[in-house]
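As written, the chains take the letters A, B, C and D, and residue 1 is the first residue of each chain.
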Amino acid sequence: MTMPVDSGALYDRLIVQRARKPLFAGRLENPEKIGEGKNPLCGDKTRVELQLDQDHISLVRHHTRGCAICLAAADLMAERITGLNIAQAEGVGRQFSAMLVEKDGQPATSATAETPALEQLEAFAPLRAHRARIRCAELPWVALKEALSHVDV
Amino acid sequence: MTMPVDSGALYDRLIVQRARKPLFAGRLENPEKIGEGKNPLCGDKTRVELQLDQDHISLVRHHTRGCAICLAAADLMAERITGLNIAQAEGVGRQFSAMLVEKDGQPATSATAETPALEQLEAFAPLRAHRARIRCAELPWVALKEALSHVDV
Amino acid sequence: MSAILEKGPVHQFDSAAIRQQFPILAQKVHDRPLVFLDSAASAQKPNAVIDCMADTMRTQYANIHRGLHWMSERTTEAYEGVRDQVAAFLNAPSREEIVFTRNSTEAINLVAYSFGALLKPGQAVVISEMEHHANLVPWQMLRDRAGIELRIAPITDEGDLDLDALQDILSDGQVALVAITHMSNVLGGVTPARQIADMAHAAGAQVLFDGSQFVVHRKTDVQALGADFYTFTGHKLYGPTGIGILWARKALLDAMPPFMGGGDMISTVTFERSTWAHVPHKFEAGTPAIIEAIGLGAAISWVEKVGMEAITAHEAALTSYALTRLADVPGLKVIGAPKDRGGVISFTMDDVHPHDIATLLDRNGVAVRAGHHCAEPLMRRLGLTATARASFGIYTVQEEIDVLADTLVRIRNFFV
Amino acid sequence: MSAILEKGPVHQFDSAAIRQQFPILAQKVHDRPLVFLDSAASAQKPNAVIDCMADTMRTQYANIHRGLHWMSERTTEAYEGVRDQVAAFLNAPSREEIVFTRNSTEAINLVAYSFGALLKPGQAVVISEMEHHANLVPWQMLRDRAGIELRIAPITDEGDLDLDALQDILSDGQVALVAITHMSNVLGGVTPARQIADMAHAAGAQVLFDGSQFVVHRKTDVQALGADFYTFTGHKLYGPTGIGILWARKALLDAMPPFMGGGDMISTVTFERSTWAHVPHKFEAGTPAIIEAIGLGAAISWVEKVGMEAITAHEAALTSYALTRLADVPGLKVIGAPKDRGGVISFTMDDVHPHDIATLLDRNGVAVRAGHHCAEPLMRRLGLTATARASFGIYTVQEEIDVLADTLVRIRNFFV
């Protein structure tokens, strides 16, 4: 039983680490924005809470019950969008979705000032080969979208 | 255009003759029994009229709008049952039906006093290979059954 | 004989190559080469379809949608890929508007049930005098269930839809839906769909076209037609049985309640209450005809490779040729003379019963249909109880029409 | 390890020969041999089925019932012959009681619609806590449409039907139908169908068994079970997709109005009024899944050649073996402990999410299902949101269960 399981490209070390020990899990005392995502197929749920500083996202926490992909996606999303302004965060989200539906071999969409690079979120690229799991990684972004579309809590 | 069409075993000379010039077509003045058969699939219709002499079928006429098989079946039925008693006529009918569903090569059911031989009705045996047409030949027998099940007209 | 015999598209079409792709055409029937002129009932299948279905079962099959494993994901992709293909085939604005059903019949029943549920007593549905039972009985059932009025648009003696009469029928504004065949399976006539759609819309009605016959012969563009609903059936389009298509505008599908309940069509389920999945899944309860949908995809690819324009031209030439040849058969009467005819010809021959015609043709290797063709009210309108019907497909050739015509002459001699 | 490993029916069954008949089992997935443990979702197909369908399309195909020509008559015989086969397979009293549907889901929807039409507001339908959505949503829809009460028979913590509670539910005599699964697709438990039928009948109710899972694993005898309705689905029985079966007692079918309208289900049609064909045709509108029905016939023949008793014994031995092996996987919990279990095992493993289990198993060639298995209310009853599920079929072998168990251990190590 010493041989490790073949985890393919999907369960990257970073993903597994963050799923085990998320850095942004928890709740905010006074969240300004809250959004939720639910996947009825598997019961996964995530709640995203935001603190804004003017137009900038200054603090993010998520409360996630889900699979490793969903947990890590929530945690890495939280990390990535912290410090961005809302338009930039939304841009990252669009880029993230685009990456997941890209055909292998297609050039990645390039980052601009409005849509910053995906950075660590690139770890989810192998999901392309697991289409049924894509919504696991998108769930936190659904929650974020909901959070940002609410004017107040 | 001199080569005749291949009519297979089904369109026996007797059948075609009777379809063209039926011998028992028409109506009775005072029929004691009347029965009708209809095939909604093709609109074929036949009306069978009987004169009884005690238990014996003394006179039969049919009024048929249908295909050659149906016409000939009506006419040859009329011929065959004339002179039989009711039980015998019904026996011929049962035997006729049995012949039509027999698998090729099976021994024909043998005639007895109660169920007289099929005689000319054997001409319809090739219908076995044309199951969709069997009901054309059975239609007059359906009408006969109805006629015999009515007590009076 | 007409000029079409010497030239024309019939000869530009590589019929031999096409026929080779249909293994069944090499079969003999009663020791004669099979002459299959019953494609309007159901078409034969090319190797591309047969092999695709067999390969799917041999190499890439599992249940779809809910599976996370390789076989399931690949099979889901193949199945959902056909939805894209069908959307393109019909020029539908969106793949989400394509619902897989068993056949045209189920597609129309789905509309009668689910769109029917939105109608109110007193509203009316219009069909025509020349509908297949599939586009008649579901509306009768709706009428009897829900107090909907069923109105019948008459046809002319030639077999065309009577547009003036349709206009009258629409005039009181009570009509919610006009459901009409896009091509008659008995008379072969193509209906003026765009005109019908415009008339229906002007009267505030939606329009459904039963494309079961049409899509096989001509390019279909639901947007250009102005259709609201469109249906067809896989087995007539050289595809497998067990698969059909309902296309409908998304707004309509969104508004309609589901038809059947079960797995795959739900979003969440509790004992108290269930919520429905998005369209088209809301209308696809249970394990769909996965292998058949994939087979339909292969059929569409194959048809598109041959080219719908080439098919239309080939069949138009064949149909003219057949009308010419049949005109020479003594006692033969072609039923109807629609303005625009596809490759379907119904006929009678003196008083030789159509059933006898069909059986004797069959003895000589020629397969045609005989009967009411699931259009009893049309037969009654025509004053007939049955006709014989020859219908043509991609693989039909002139020589087969010659065999048909010659054999008919001999059948007539046999009886008369 | 248990004694079953050393001896027992597993080795009397020529698994190698059987596996060779399923070409897909030779496929590799992610460079690993495919270990297909998802048969409860849909089974793979033997060559006998694949070849039968391909041969039908290559040599003997046409639309059925209304055709008078050779191809149509032969195809009709093949199609109708399967009705006889299915009747024998279920030990149904009559072939006329066999209705072809798309799948189990449609079969149950048909009953909910057509038998449902005979019920009166206030009457009740009973289902259980462990139903597949296919045997739940149609009854909810009936409830909401027709004012029928929907009652839920609870299960025990082990996953058996609570018969005492069922007795209470039946006691007021308002129940018209008890519709219960014959084998759970999540817990694997076989329900005591005969007892349920007796209880239902004593309370004046009819009984429907959803045999989608059961018929695959054990001999089914609808008469011995005392069933009134029975349904199953072809694709789980090694047959094609697109074909399922409803069996019902003839008196019930005769009394029920049709479900869909169209060709082949009518006797006569006028615009004013149509009359219906005899059963079973009354319930088969339009061109049926002809090729798929014929393929189902091939599947049944093939299963009967292998022998249902041998299959039952093989799977029972495999299931015990699997339970033993899975008991050794740290953190693994088998869900439910029904008295009588078929070859289906749901499990969780610590807090590793079932989706991660399934994806990682897949990376290693092992196909299992994960999720709510179309049984959300059951999941809620169990306090779970999802499980992983391994299920076994004719072709499953011990070595595959070893791969499953070993890989699960490694997955756990990976996460914990």
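The working rule: contacts are C-beta pairs under 8 Å (C-beta built on N, C-alpha and C of every residue); 3 or more make two chains touch, one makes a residue touch a chain.
Source: prediction; values computed, not measured.
Looking at the partners of chain A and chain B together, the chains they share are C, D. For chain A, the chain with the farthest CA centroid is B. Chain C and chain D have Cα centroids separated by 32 Å. We define each chain's centre as the mean of its Cα atoms; on that basis chain A and chain D are separated by 39 Å. Our note on geometry: chain B versus chain D, Cα centroid distance of 47 Å, whole angstroms. Chain contacts: chain A has residues 40-41, 130, 133 touching two or more partner chains. Annotation for chain D: residues touching 2 or more other chains are 30, 66-68, 72, 268, 355, 359, 370-371, 376.
Contact residues on chain D toward chain C in their complex (touch as defined above): 23-24, 27, 29-30, 34, 36, 38, 41-42, 44-45, 49-51, 53-54, 57-63, 66-72, 102-106, 108-109, 112, 132-134, 136-138, 140-141, 150, 152, 233, 235, 240-243, 258, 260-266, 268-271, 273-274, 285-292, 355, 358-359, 361-362, 366-371, 373-374, 376-377, 380. Those residues of chain A whose C-beta lies close enough to touch chain D in the complex are 1, 3-8, 10-11, 16, 19-20, 40-44, 66-70, 130, 133, 136.
Those residues of chain D that touch chain B in the complex are listed here as 66-68, 72-73, 76-77, 267-268.
Those residues of chain C that touch chain B in the shared complex are 30, 32, 353-356, 359-360, 363-364, 370-372, 376, 379, 385-386, 406-407, 409-411, 413-415.
Every residue of chain A that touches chain C in the complex is listed here, in rising order: 40-41, 130-133.
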